[in-house]
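For reference, chains read A, B, C, D, E and F in written order, and residue numbers begin at 1 within each chain.
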């Protein structure tokens, strides 16, 4: 799709091409759902824990709850960073991404069909090379879908509720960015650190937006650039939705 | 601007109308810059502290640094919440908004013209009724501008550097949202809690985007809705830029 | 009242003269009681939150509870100090003053007339220039009185209980100090830092003592000096009681 | 001294009589100064650590520094309380008493004669029966005096500086209280919990006041009662000064 | 027992000789059991708190619970260390020793004969000169035994349950080490810091092993050395069991 | 080796048989050394970070430093446990195992040949089924060996220093236990929870002991049982040393 004249990216990809995406389901034997997902060198272990009951503030509402915790192993990055458990507190970044993942997943869950069950998604980044939050959301959806199936098979979720009623759609996320004059899809760390604008877009399998977060790290961006970013992200998320579907059918 | 048929909002505003905006500069005598800003009943005290020197990781770079801390008084909301100093940690929300304010302000600061000085913006919400982060950014800009002037008057910033070179533009933020079938500007708490989609848009005085954060709390939104939200926000930010300019010229 | 020969203080006051005292009630719309109080440049926002029920250890006693939390905004002082929520713990000074305020207010509350309700006073120092604890106690009383009235109007406190039975007296506090050979009333920061002895005196409207805290920062003081400090404080508190009464009748 | 008609206190003491006071010096072999002090059943281990150098903010001032940390073993009281190290934070009470002890000791230290040395007093309550803060101050003075002597013997403090120049006086503290119609000296826990007013008075060996902290726990007190409390405390502290002197001469 | 040719240790002991052991029972009046134990200069205050009921996870099991908390006063060592309550967290070492003491004591408690009661042992090191964990275990047993007797006398433990059924044996601990070519018993700090291998052995009064923890700090040790360490420890623990018995019979 | 009459274990192993051991080197691209190790279903990611320089207390000693941090992902176990970063502190168990791993590795490192470099081993348990500490030590050695080679190849460690001089031996660990009347090697969770005695033995490749930690969870053990446990562990560690050697030669 890229023009002949445009030089390729460092990893040989076209501007609108995803990194190789790999999803391995069932990586953790004891969990109700799990997926090891890779976006190129970024590798995230997504594990879903389904338990009966809901947090106190939601008791007797008939509604379920879904939330997420994101974390990075200390040596996921090129230089080691201190463990948050050792520092005794989580960073603002960790909090922020955890909240984003939870919010994104809740957008496609029918809490009433889930019933008074809680699903907690742990997204632990084993290796980081840009796009850890987008890989987390995309992989967490797969783990979540497996946990819902487990809940149906084990009687926590009413078995006559079709999965499609609990998860009303799929959900995935991708990053896009403006690097120099180019609009790039799925930025690895090196491109991300050079980007003027970095945008994460969370979309359902049917293409609706759940979250749009665009930040100008350098020069502010104009409306035309914003439009081109949104279009590229929409194409990327459509591709991710297809890969998720194939993984869940495997 | 609204059509005759559309009923007014609870506070009598048109859909595309800001709440009454008030900015009082110099509210804190001892600070290098300060502004008490109101967006309707939302009231935020923004205080800028300018000090010589920069954090260790930026030493000897010739560049300055700007960051922000956001917090809410315990009884800013309708029911009292526990102090974060008593709980011993800041919430994810507090972290996330602090980071957003800092990032937004840095987008219009020329760090080299600022020189090796640090400006820290404290945004303390005295009363909250929706839009505390947008009021914080908008008020923090005014406090920041006063701190830069103070720095020039007191020799920390080279006096021959025009303010326009240190602050390359103004910055403001506004919320927009989809409530039912309507697209509303500057949502108070009551509207915000009913919104399907809530979006915060940070823009420079010249209209460029610095941050776009849209979240579907209910039904995901489509591209057309996204476009209408962006247009409304752009109009709101233009109005805020005008109010900031007037406040700074007063 | 001061003799002609004595030079005036830096702000032109006589030795036994209070700074200008201002009390604005109802500064926070959503709170059950609130007052913004100024002792000269010291400005404290006092907010009372009244809720039904009492802490666990007091359940089913028929008695209410009153406590307080004191805090300072980071830039209340001439150089910014770190937020306690960021440091992850409250300082000893913050704890100590919170306890003092709560103890002082409880001295004039009839817990049985209050019934099983809790009133929590938040005293947040917006600007500090000496006397933040005395201004906090004095302002907190006004917020407390408004919260009691609110409780009566809203049926949490039995309406046939006269306010006078819930609050058996008023309460205020003032600082006095020995600076060189002079005995001064209501010390601003500059005088406080030069004082040999600094004393905070909490008294009821009828003049009884609730708390006397005198500390020799420099030379220890003798009994005669102690007596003159107590007399001056008694006159100051009488004046504060009058100002509180006027504010509550306004 | 008490009149015949007045019934004795639970432990058989007269109203103006101290509990048995015991001071054992040198209880900790490795410390520069130490004293195990008992006020009746209240037993506090006071240990002085003298080190060369001062905190950063006092460097190159030529002045020394003295501070204190107070703590209670978990089973010092009749029911066990949780360790502050386990809870992860010190209580307000712990902070407040630590600050009081440090302030009291500093009142009799000539920081310039001490030179750039730091003496830290650890006061650990092994058994508590009222008056732990007054026993701590009284015992800490003895440990402090021994640490100063050690410093002179070991060349950290100039040997030609007489001890009297480093410690300009002795310091002790005692509690007094109003229990019903009686004014009592040195209250054990049982009396303290019944007292209307509780006052701690810190005085130098020559009788000057360093700290006066009186609190009405029940009925506020009047000026005449305050005077009688101060007189009783002065007699108690004179007796403690004598006991300290004897212990240090032993 | 040592051969003539072997030089004595710094404190004049033979290689297989314990330091002077002293146990004072009932040091804390208000506790259900307490013992101040010395292993030479190492002095630990062991206090047992017996309360009715068990932690939530053990409720309605008919079984009791025993645990321990170990801590060191800041100036127990030759240079002062910071309080863990001030640092806001307990060190790994503190945790580890607390767990070891609790585990060791539980080995000789019949939880069913104890009934639904909890005994918490506080071991606070007042002075440290090596072997603080072994002294803690040895002293904690004595405090525990007294608490069990108290429980029987006060009806919390069924009085017809002989103490021997609640405490099925006694328990003690001793350190042994390889220092150069010698195998030494009960190492003070100075020997411990020079040891190639340091081993702590917890044994019952009848000689069975409850815990064996051997660590090569320098050269790893072979099987023959391990055997000699175990034999020496067994002799030391037999001696400690005799001393405990005598203390409890006193 | 087991007699015909003995029934096999739940997973079909003989009493003296290890679970299947798998070691995958280089699992983390950016680290100086890494190994994903499995002991049956227990899976630990061991990552070595080599950096120039040593902690402050070891500066200018010419010696290097090696330490370790152990942690468990929240859903490594059959029910999810809370993250230590969320709780704000590490558990005693986490601390204790981290210290054990560091100590074990240091036993075979020549700190002077390592030079002033630091190697930090992160052992993160991805899935737990007993033996997480023994798998961590065994895998960490492999990651450590790769990091040393990397250091030599990249000039941080003198290239003319043979690896054998930096790592003076290999190191591994295995668990053994008494379950009923049987002595078992390498206990999975289910056996471990039933064991009367559980022992972890750390040994060098040449068979010397570095750490012996035996704990009676139920009945205390006698000397003969202790001997049989040590012999079984020695055979297990010899087998692990062979597997490590093969992995490092691959």
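Criterion: a residue touches a chain if its C-beta (ideal position, glycine included) is under 8 Å from a C-beta of that chain, and two chains touch if they have at least 3 such contacts.
Which chain is which protein? Per UniProt: A, B, C, D, E, F = Ribonuclease PH.
Note that this is a predicted model, so its numbers are computed, not measured.
Q: Chains in contact with subunit A (Ribonuclease PH) and with subunit D (Ribonuclease PH): which ones?
A: Joint contacts: the list comes back empty.
Q: What's the minimum number of touch steps needed to get from subunit E (Ribonuclease PH) to subunit F (Ribonuclease PH)?
A: The distance in steps between these two chains is 1.
Q: If you average the Cα atoms of subunit D (Ribonuclease PH) and of subunit F (Ribonuclease PH) to get two centres, how far apart are those centres in Å?
A: Each chain's C-alpha centroid was found; their separation is 52 Å.
Q: Please report how many Å separate the Cα centroid of subunit A (Ribonuclease PH) from that of subunit F (Ribonuclease PH), as a whole number.
A: The computed centroid separation for subunit A (Ribonuclease PH) versus subunit F (Ribonuclease PH) comes out at 34 Å.
Q: Report the inter-centroid distance (CA atoms only) between subunit B (Ribonuclease PH) and subunit E (Ribonuclease PH) in whole Å.
A: 60
Q: Please set out, as single numbers or ranges, the residues of subunit D (Ribonuclease PH) touching at least two other chains.
A: Answer for subunit D (Ribonuclease PH), listing residues that touch two or more other chains: 88-90.
Q: Could you walk the ring starting from subunit A (Ribonuclease PH), turning first toward subunit F (Ribonuclease PH), and list the chains encountered?
A: Read cyclically, starting with subunit A (Ribonuclease PH) and passing subunit F (Ribonuclease PH) second, the order is A, F, E, D, C, B.
Q: Looking at the complex, which residues from subunit B (Ribonuclease PH) come into contact with subunit C (Ribonuclease PH)?
A: It is residues 28-31, 34, 41, 45, 47, 49, 51, 69, 71, 73-80, 83-86, 88-90, 94, 120, 122, 124, 126-127 of subunit B (Ribonuclease PH) that touch subunit C (Ribonuclease PH).
Q: Quick check on the complex: what are the subunit E (Ribonuclease PH) residues that touch subunit F (Ribonuclease PH)?
A: Result: residues 89-93, 95-96, 98-99, 103, 107, 199, 203-204, 207-216, 219-223, 226, 230 of subunit E (Ribonuclease PH) touch subunit F (Ribonuclease PH).
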